[in-house]
Structures are given as C-alpha cells and as structure tokens.
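Take a look at the structures listed below.
The two complexes that follow have chain A in common; it is paired with chain B in the first and with chain C in the second.
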Partner chain A sequence: MTTATAAAAKPEFTLWQRLSGWVMNPWGRPRFLPLITWLYMAWSIIPVLIAIQFSFNDSRSRTVWAGFSTRWYWGDPNDSVWHNTQLRDALYQSLKLAAADVVVAVPLGVLLALGLARWRGHGSGPSNFLMLFPLVTPEIVMGVSLFLVFTHIFTFIHPSTTAQILGHITFSVSFVVVIVRGRLFSIGRQYEEAAADLGATPAQALRLVLFPLLVPAIVASAAITFAISIDDFVISQYLSCGASCTTVPIFIYSSTRAAPLPNTNAIASIMVVFTLVAVGLGYLFYRIFTRGESREGGMTGEMAGFEL
Partner chain B sequence: MYPRWLWPGVALPGVVWLILLFLIPFYAVIGVAFGTVNPLLQTPVPAWNPLDWNLGWMSQTLNNLAPGGIYWGAVTRTVEYVIISLALCLLIGYPVAYYIARHAGRTKNLLLILLIIPFWISYLMRMLAWVNLLDPSGYATRFMSFIGFSNLAVHLGLITSDTNWLGGASVTVILALVYGYIPYLILPLYAALDRIDKSHLEASRDLGASPWKTFLHVTLPLSKTGILGGCVLIALPMFGDYYTPNMVSSAPSTSMIGNQIDLYFHGGPQPTIGAAITVVLSAFLVILMGYYMWAIHRATKEAAAS
Partner chain C sequence: MAGEIDIIELVKRFGDVAAVDGIDLHMPSGEFFSMLGPSGCGKTTTLRMIAGFEQPTEGRILLDGDDMQFTPPHKRNVNTVFQSYALFPHLSVSDNVAFGLRRQKTPKNELRTRVAEALELVQLTGFEKRKPAQMSGGQQQRVALARALVLKPAVLLLDEPLGALDAKLRKQLQVELKALQQQVGITFVYVTHDQEEALTMSDRIAVMSNGKVEQVGPPQEVYEEPKTTFVADFLGVSNLMDAEAQGRDGEGHSRIKVGDFELAAAQGDVDARGATRITIRPERLRLEDQNTDGRNRVPGMVERPVYLGNSVQVIVRLANGDRVQALVQNDGSEVSYKQGDPVKVYMPVEALRVLTDTGTAPVDEDAIAPHRAAAAPAATG
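Take a look at the complex of A and B:
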C-alpha cells in the first residue's frame, strides 16, 4: 500500500503526512531529478552566457557591468578584435588550421573507415587498434610526442604552422573514421550488392551507390573536424612557433593568466559562434540528407564525437 | 564484387599516416627519455637503439615520482583531484542522465541539446568564464560572499580569504575539473541508461521490487558499462591536464603531474625529464586506455553484427 493512495482514501491526514507522502511516494513522478537536471543545465550554460555578456561590456572590466557596447569587437581602435593585429592573427590562424584539417583529415578518414570496415586479413586487426589510440591518448602525451618528433626526427618540419596542421589532422582522423564507420554499418552492403546484380561495375557501385549514401556522414565529420580543430589547445600549443602560430585558444590561455580585457571574451565568443554554426549546419545537412530514413540513435551520439 | 586489394589499399594512406605521426612520435618520447643530454647546450640527445639506452634520467625521474621525491606531491595531488572530481561528476551526472533517459518526456530533446552544447564550446572558453566569475569582483565571488558560503569556505580552510578563489585553492581546481569534464561523462551514461529495455524494469516491478530495489538490482548493474566507460573517458584527460590548474590557480600548491611535464617543455631546462615523466604517465594510463579501447571495440563489433 503506498502513501499516495492512502492519502487519497483518507483525507484526514495531517499536512505533514501529506507533504511527506508527496515527497516520498516511490511511484509518483520524480521531484528531485528534474530539479537537479535543470540546475545542472543552468550551471553548465549560464557561466558561458555571462562571459559572452561581458564581451559587450562598455568598460575595461570583465566583472563589473558598465553598459552595452561593441567596442571590443570593432569599436576600440587599438584593442578590438577587428583592429588589434594580435587578435586578428589568432583568429586567422585558428581558421587556417581548421580549414586545412578538414581538407586533409576528412578524405583520409573516409578512406581509412572504408578500408578498416571491410578489410579482413593480416594487418586489419592491428590497424583497427592503431586507429583507436589517438581517441584515448591524453592530449599532453600526443603534444609531447609530436613536439619531440618534429624537433628530433622529422626536423625538416620543426614546430610551425605546418606542424600544427599535421598534429590536428592526426587527432581528428580517428573521429572521422568512427563517424563514417558507424554510417557504413548502418547502411550495410545490400545496396551495393543490388547495384552489382543490376550490372554496375565496382567503380560504378562505389561512385553512384556507396558515395551518395556516405555523404551525410562526410558532412557531419567535416563539421566535427572543424569544431574540434578550432577548440584544440594542447596540440596547437606544443607545436607552436611563437607569436605567429598563436591560435585563439592559445591567446585565451596566455591572456587569462596575464591581465585580460573583455576583448578576450569577445574573441572567445566569436569562436563559440563559429563552432556552433559549423556543428549546426552539419546537423542540418545530416537531417536533410537522411530524410526519410528511420532515425535510430541519430546524430546525438555522432555529433558528440564518439559512440559508447 | 570488389577486387581483393581494394580495401587494404584504401586503408593504407591512413595507416601510414598514423604510423608516421602517432607511433613514431611516441617512440621519439621513449628515445629522448632514455637518451642523454648534451652537457654544453643542455639539449636532449635521443638514443634510438634500445641497446644504447641510458637509464640514468629515467631512474632519477622514477625516484622523484616515488614517495619522498620532488614530484610525489604532484602525484598524490593528481590522484586525489581525479578521484574527487570523478566522484562529484558521477554524483551530479548520474541523476541528470537518469532523468533525461527515463523521465524527461517532452523536454527530452531540449535537454539533449543543452547537454551537448558544452561539447562545442571551447574548453578554454568555459574556463575563462569561471575565471571571470571567480575574480574578487566577479559575480560568483560576490554571490558566495552574499549567501555566506565564502566565510564557511574560509572557516573550513578551503580558501585563504573570502575573495581569493583564484589564488591556488584546490577546491577551485576540482570544481573547474568537474565543470570541464562532466559533459563527457553524462553523455555515455545517458546512452547506457537509454538503452536499458523497459521490460526489465516492468518485470522487476511486477515481481514486487520497490523502485529503490529495482534501481539497485536492475538499472545500476545494466548501466555499469556506461559508468565505467564514462569515468575512464574523463579520467584519461584529467590525468594529463595542466591547463585547468594553470587557468584557475597557477600556483605550485595545485600543480598536477601534467604541470610538471609542461614545465619541462615550456620554459624548463630539461625536456629529457619531461619525456621521462610522459613515458611513466603513459605506462600508468595504458590500463585505462586498454579498457576503453576494448569497450569501443566491443561496441563496434555489436554494431557490425546488427
């Protein structure tokens, strides 16, 4: 017999008993779980919104609000993102790395995903194993190892923009593989087999059947690659060549430890917009390309960048 | 229908890339860690042939990492921070994941979007947000003073003065770690809880188990893989973290093992010691990495079979 039904049958229960019945009723709707959940959501989002708010502050403070202004974006002739060469260069460097990363890592990852999903022979096991490693290696270990390889073995590259691009590609390839391979498993092989039965050559089956089916995963992985490249800090820092290799995360890191102005918040806010637009567009295209397919699991796991 | 050489051929560029820029770089760390140091320039001289390995730097590093050594403080602090942060992440994250998977109803999609947004906000931006809030004149500092929490924290010895949250307090670093990594725990937890077949819960209820017993004997065991996977997923980067303590404290009193490595590569004189600590850290983390890779591998096999 539960307290709630008892309370309903006997309305002469005291207020305290009714209250405790309402709170303790094990079969009722949960009361504390939604509270914790919404508090968590507020806690996770509001600090970032406040940081964005202070990027529009009309004073040099990041903590005391002095009214709305866009001076840290373009108004201030020295320190705004638009006019300060250091900030503009950091933004440009981040975008350059992300674009180069997408251009190389996506094709490389798509091919690797195809190969690893279908190659059954000696070497396929170790290759699968090798592909998973960058996903679980702490960034500092990857940063140190890439730094040492470019200073002691591949010395013709040395820490530079090129090294940063190579590093970014190395950690993003595995994300592309995981996303594309998930899609490969979900579409199966029957479409290509049907194409072959209908007289398509292997090249035609790949180009006309498999590739269009992979487009959603390719778009999604391009968006995710762009986003993780823009957000990366450790690899960029370890392969940095100094001022001309400074990306936005490196700038945020070094300026936070010095005496930051709201322009740090402004450039960080711009990066948030870039990432969310990239991921949002990726998601939109994914939805458009997979329209009409049964949506099981969908993009939530894939957009988060891993599947477990 | 496809030629036999096609799939290994297609995989080849990616595999070669990973050998050149993942495996060989890792060997470079080993080579430097077991190498010698040029006495004049103080630059590392790597030893590529294992027969030429010099164990001096490594044994010195191991001694420094052992109890009584100069890094022992950082080692215990790292383990302490990671364990407390993991516990807090689970304590907050499990109810959130549980609610979204089980009871969110019409708000489920909105909550999932809110859950995923932090993934796409730069980690450093999220730390910057807290640096602003915990500044002596920041909103969070003023709020905590207002409700009297700061005085309590000073009383408990968590912070040295009621506005000094960013001056090397362990509690700030732990909360920053929780804030930074918790989304990466909640998502796998949610996935594991969402996968649980409702009929198991109904069976448990029909057989007379109370909701608490159902949770303890059905839901919790069925979400074990999600809990372990999520914990490993966030423990790995936490063990190698150096930027979180640097952003919210940058005091030696909160320095983690990652900070020790970072010191030797940014400003410090001896990359050889940095490389040796990196090798030891990797050897320690290999168990966690192995578990996580095995879990991904098994999930992939299930996906391929279905």
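Take a look at the complex of A and C:
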C-alpha cells in the first residue's frame, strides 16, 4: 500500500459536482422537481395571501399596511361587509346563484350522463361531442350568445337573476356530465348486469346499485359546480340587470374603477373560504363513500380518475 | 325436468362480425356442461345470451321448453357468476347474498335462514359483515357463488370464474365446484379457455372455435377421439403429422403413408383417401430401442428431453422430418434419454387417429333430434 494508491482511493469532488449531484439525486426523486413545484405554488398563492392579509388592514389603503383590524368585516358602520348593503346583497346574490345552479344542474347532468353513457344507437357520437361544447367555448363567446338569446329570442326572460341562473346552469351541466360519465365508464356495466341477473328491474338496479356507486362523482361535481358558479364573472356580467343582480366578482370588478377599499379584499377572502369549504366537503364525502376502493396518488389520483 | 337448455341455430352478429355463427346445443337437466375454446370463439357471448344480457341476431334459446326471446334477464330463472365477480362494493357479504332474495320479497326469517345456508355451503360462515374489498379473491368468488345459488335457479352460468386465482387455489376450487354441483343437482354451464379445467370438471364439453362448435362430448371422448384438427390440437399435445391415406385395409384399419413409412391407423376416418393428417397423444407413443422391428415403428432421434418431475417429455425428430413429443412416466426404469440418442418410435395402431377436416362444424346429435321431431316451433313463451 503505497501512499499513491491511498491518495487515489479518495477522490476530490468540486463544489459544482457536489451541488449538481445533490440536486439530481439519482437514488431518489430529483430534488429540482419539488423545488419547481414550491416555486410555482408560491408564485400563485402569495398574491392571494397578500390580498387576504390586506383585508385585515387598519386603514383605507390596500397597499400600505397599517396594523391588524377586522373593521372591513364587521367593524366599520358604513363600509364593512356586515354593514354595507351593496356588499351583502352581492354576497347573497352569488350564493343564491350558486345554490340554484347546484340544485338544478347536478340532477340534470346526472340524468344526462346516464342517458349518454347507455346510448348505443346512432346519435350517441354527436351527442357525446356536443356535451363538450360549453367546456371548450371561450366564456366571452358563451356570455355574448346567452345575452343575445335572452334579449332577442327569449325576451320574456330579459337579463335578470333568472337569466343568470339559466346561464350558469347551461355551462355547469357540461361539467357534471363529464365527471359523472367518466365515473360511469370506469364502473362499467357489470354491477347493473349482476343486479338484473339477481332479479332487479332496471329501475331497482339504478336506485340500489348504480346510485350508491355514483355518489362520490355526484358530490364532487356538486362541489365543482358550486365553486365555478361562485367564481363566474363573464356570464353573470352579461346577464346582469343592474344593481340587484350584482354578484361578488362583478362588484369587485366595478370597485376597482372607483376608490377601492379593503372591503373588496374582505369579501374576496370570504369567497375564498366558501370555495375551499365547498371543495373540502366534496372531497370528504368522496373519501367516506369510497372507503372500500383504493386508488394511487391520493386526491389527485382520484380526481384524475374522473377522466376529465 | 328443470334446468334444461336448448340452443337452436343461434347466431349473434356485432356489425359485420359473427361472434356466434350458428350453433346448436342441448344441455340436459343436472349436467355440468362446459364451453371450451380460445379467446374470441363465442363462448362468453353464448353464455351472455342465455343469461339475457345480449339479444340473439338469429336463432332461439329455450329454457325448459320456453322460448326466452322476450324475457328480460331479471325475469329468467338463471343466475350468473361473473368473471370479475361483480360483488356490490357498497354492500356487506350478507347484503350481497340477500340481494336477490330481497327483490323476490322473501320474508325476513326465511331470508336469514337461506343466507346462512348459502354461506355455509361455500364455507364462508362468519363473514357476513365483511365488505367485498376486505376479502381475498377466492373468498370473493365464493360470495359470488353463494349469491347466485341462494336463489335456487334452474341453471347456473359461470363465466371463467377461476381465471383470477392462483394455480393452487384454482385446483382446490375446481374440486369444490364439481362437488357443489353434484350436491345441489342443478345444471351448470361453465365457460373456460383452460382445457384442463374443462376436462376435470365437466360431464360434457363443447369445444368452440370462431363462433362454431367443433365437437361436443364427454371429456374422454373429446380428448381421445377428437373429430377435427382444432379439437386435437386444443386439448393437450396433438402430434399432428401430414400423411397420405390409402383407404381401408383387410383388418379395418386405415393405411397411412408418412414420408417413406407405412403405418396403420385404427381411429378416425378409416376410409379416407388422399392428403390427411394423423394424430396421436404423447402418452400413447412408445420409445423403443433403435433395433426394434415391427409394425408402426418409425426411426428417429431424440432432440431434447424435458424433465417434468413425474414424467419426461421427449421431443423426437422422426426420420421423415416430423417432430413428435412423447411422454415417458418416471417409473424408476433405468432408461434415460439424451440429446442425439437414436430411438424407434412405436405408434400403436389403436392409438393412431386419421383426421379429415371437411370444414363444416360437427353436429351435436342430442341437440338436433328433439327439434327435428317437433318440426313446428314451440308455441310457448
């Protein structure tokens, strides 16, 4: 054992080699992947967090921090969300539209999905394709066409809350159909056939076997419909009748022209909470009802299972 | 008698493709009847038509004499065990088994007794509260069986029920299924692509290919007396050889010329002339010392011995170029075969079979006779 051999046995790595080796991490997941993910999440979420932070600002400014206060939520007697009738009405209107949307679009979409998935005849191809149109059409095109429909064709329904609800339902049904149909395809016909084999009429098979299996998809589509409807701006704006039809997104948009106050941040934060709660409840229901079935990838895996 | 099925000139087309291309079968009451064939031969489609999940394009299916054409699946007195079991995942084992009974509005006490009996029959007492996802494949399969049998159907249809199980469990369940069928006494119609399964369990086998029935008969007949090349080749090793048939000789055997060698064959189409094929099962081939003389002996060379444990599969290349497979039991005798050993292959006359495939599907005589007698269609159903 000469000293030369001993020296050759312990090689020297440069700083660059060590750093790139650590990042590449050949025996595990490459470390730059989570890095990119965290960077992206920071980029998207930090602005939202800042907006939420400024909703608790103790002055009329939306850019200069003056201290913590809940005045914009319920403190200020004129401009807080609790006291300002304009803001409250906008909140109620948004929730009203979302609730009506879920109550009508989800059952309609489920029935449509069932019909489309079981249709073995000639019209099935085109109908399945047509279902996708509201999803791929740009929102502004949808908004303008709905406006024209309600001002020139169905003039008995002029732009109003009813028109807004109908507009929301129109594009929400597509979301419901796509989600439920994906779930129907992955279930397959085996359970209905087994039910029929055991003596269940088609109606009984639907009620006793298919619906329990569809509940996760139905709940998930309800949560998504709620979230989309609350978030909608273009269609609500086009079908708006004025002050009494204003939703929160419309209010926020118009308030940026005037002198914006942190109460818009406050109401936006409230909307974020509502959306998170809706999606969270949907996910919870989904987990409870699919406890027997397992899928890889956690929640994203299950969302991917909807085969959007 | 309950559980008798007649399939008359059944055809099923999907677009241009005929999945089932004109089959006639008769399954008497209480029989374990198997439909055997490769993927795509039409056996599962036929089963689904018996169950009512597909409508035939042509032909009729009679259950105990009643035409099933307008009866939907939930009204037929047949039950199915699916390949994927199709156990309702949101219901417990006892709710799964009770499902059919509840549709029939069975009173509570009777329901509970019958469910308990069914679970005992498949040895799953104590599993009532479990969910399907919490059970192994073999247990799920037994729940599917119990769920179908509890309804006491006239016929039980099984669509490759053992396909998803490991080999040992499959062998165990084959024995259990056969015993169950004999105990319960109802007709089983079993679909499989595993010829060993069909041979082990069935009273009769229908070998199918390309939507047609090639041969119907008891396992012994289908294995030892195959009527077509397909049947010979599908059930085990067939050792098919091209040959020239020269008609019947004085002893009633067919004179066969394989290459330069003259053989006599006692089985199959003895009167054939011209180009045919002959077949012999590997266990009937005898390997003898190369200097042995006598009838039906062809010289050859051992290409490769394959050790199987209880036997040795010896691949032999005959002098005329054909390759045959012989199965030699490991009975303790000193003979061992090495690559390159010269041998004489003895093909006993009574084991050699002449096959002339004419291309038309052989007929199930049991199926044709009853409705040739009743020329007019049955006025029932």
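One rule holds in what follows: the second predicted complex is superposed on the first by the 261 of 308 C-alpha atoms of A that agree within 3 Å, B and C clash if a C-alpha of one lies under 4 Å from a C-alpha of the other, contacts with A are read in each partner's own complex, and residues count from 1 in each chain.
As a convention for this text, a contact is a pair of C-beta atoms (placed from the backbone, for glycine too) under 8 Å apart; a residue touches a chain by one contact, two chains touch by 3 or more.
Quantities reported herein were computed from a predicted structural model and do not represent experimental measurements.
When both complexes are overlaid on chain A, chain B and chain C end up sitting side by side without clashing.
Look at A:Gly182: by the touch rule set out above, it reaches chain B but stays clear of chain C. When the shared chain is aligned, chain B comes close enough to touch A:Glu139, but chain C does not. Of the two partner chains, chain B is the only one that A:Val149 touches; chain C does not reach it. When both complexes are overlaid on chain A, the residue A:Thr37 reaches chain B alone and has no touch with chain C.
Figure note: vertex chain A, arms to chain B and chain C, all at CA centres after fitting on chain A; angle 100 degrees, rounded to a multiple of 10.
Set against each other, chain B and chain C differ in how many residues of chain A they touch, and the higher count belongs to B. Contacts of A:Leu198 after superposition on the shared chain: chain C is touched, whereas chain B is not. Closest approach of chain B to chain C, taken over C-alpha atoms in the A-based superposition, is 6 Å.
Within chain A, the residues touching chain B in one complex and chain C in the other are 193, 196, 202. Put simply, chain A touches chain B in their complex at residues 26-27, 29-30, 32-34, 36-37, 40-41, 43-45, 47-48, 50-51, 54, 61-64, 108-109, 111-112, 114-121, 123-124, 127-142, 144-149, 152-153, 166-167, 169-170, 173, 177, 181-182, 185-186, 192-193, 196, 202, 205, 227, 230-231, 233-234, 237-238, 248-249, 252-253, 256-257, 260, 264-265, 268-269, 271-272, 275-276, 279, 300-301, 303-308. On the side of chain B, the complex with chain A involves touching residues 1-3, 6-15, 17-19, 21-26, 28-29, 31-32, 44, 46, 92, 95-96, 98-100, 103-104, 111-112, 114-133, 135, 137-140, 179, 182-183, 187-188, 191, 210-212, 226, 229-230, 233, 236-237, 239-243, 246-247, 250, 258, 261-262, 265-266, 271, 274-275, 278, 281-282, 285, 288-289, 292-293, 295-297, 299-300, 303-304, 306. Note for the complex: chain C touches chain A at residues 51-53, 72-75, 78-80, 82, 84, 86-90, 99-100, 103-104, 131-134, 147-148, 151.
Chain A makes touch with chain C in their complex at residues 190-191, 193-202, 204, 208-209, 212-213, 289, 292-294.
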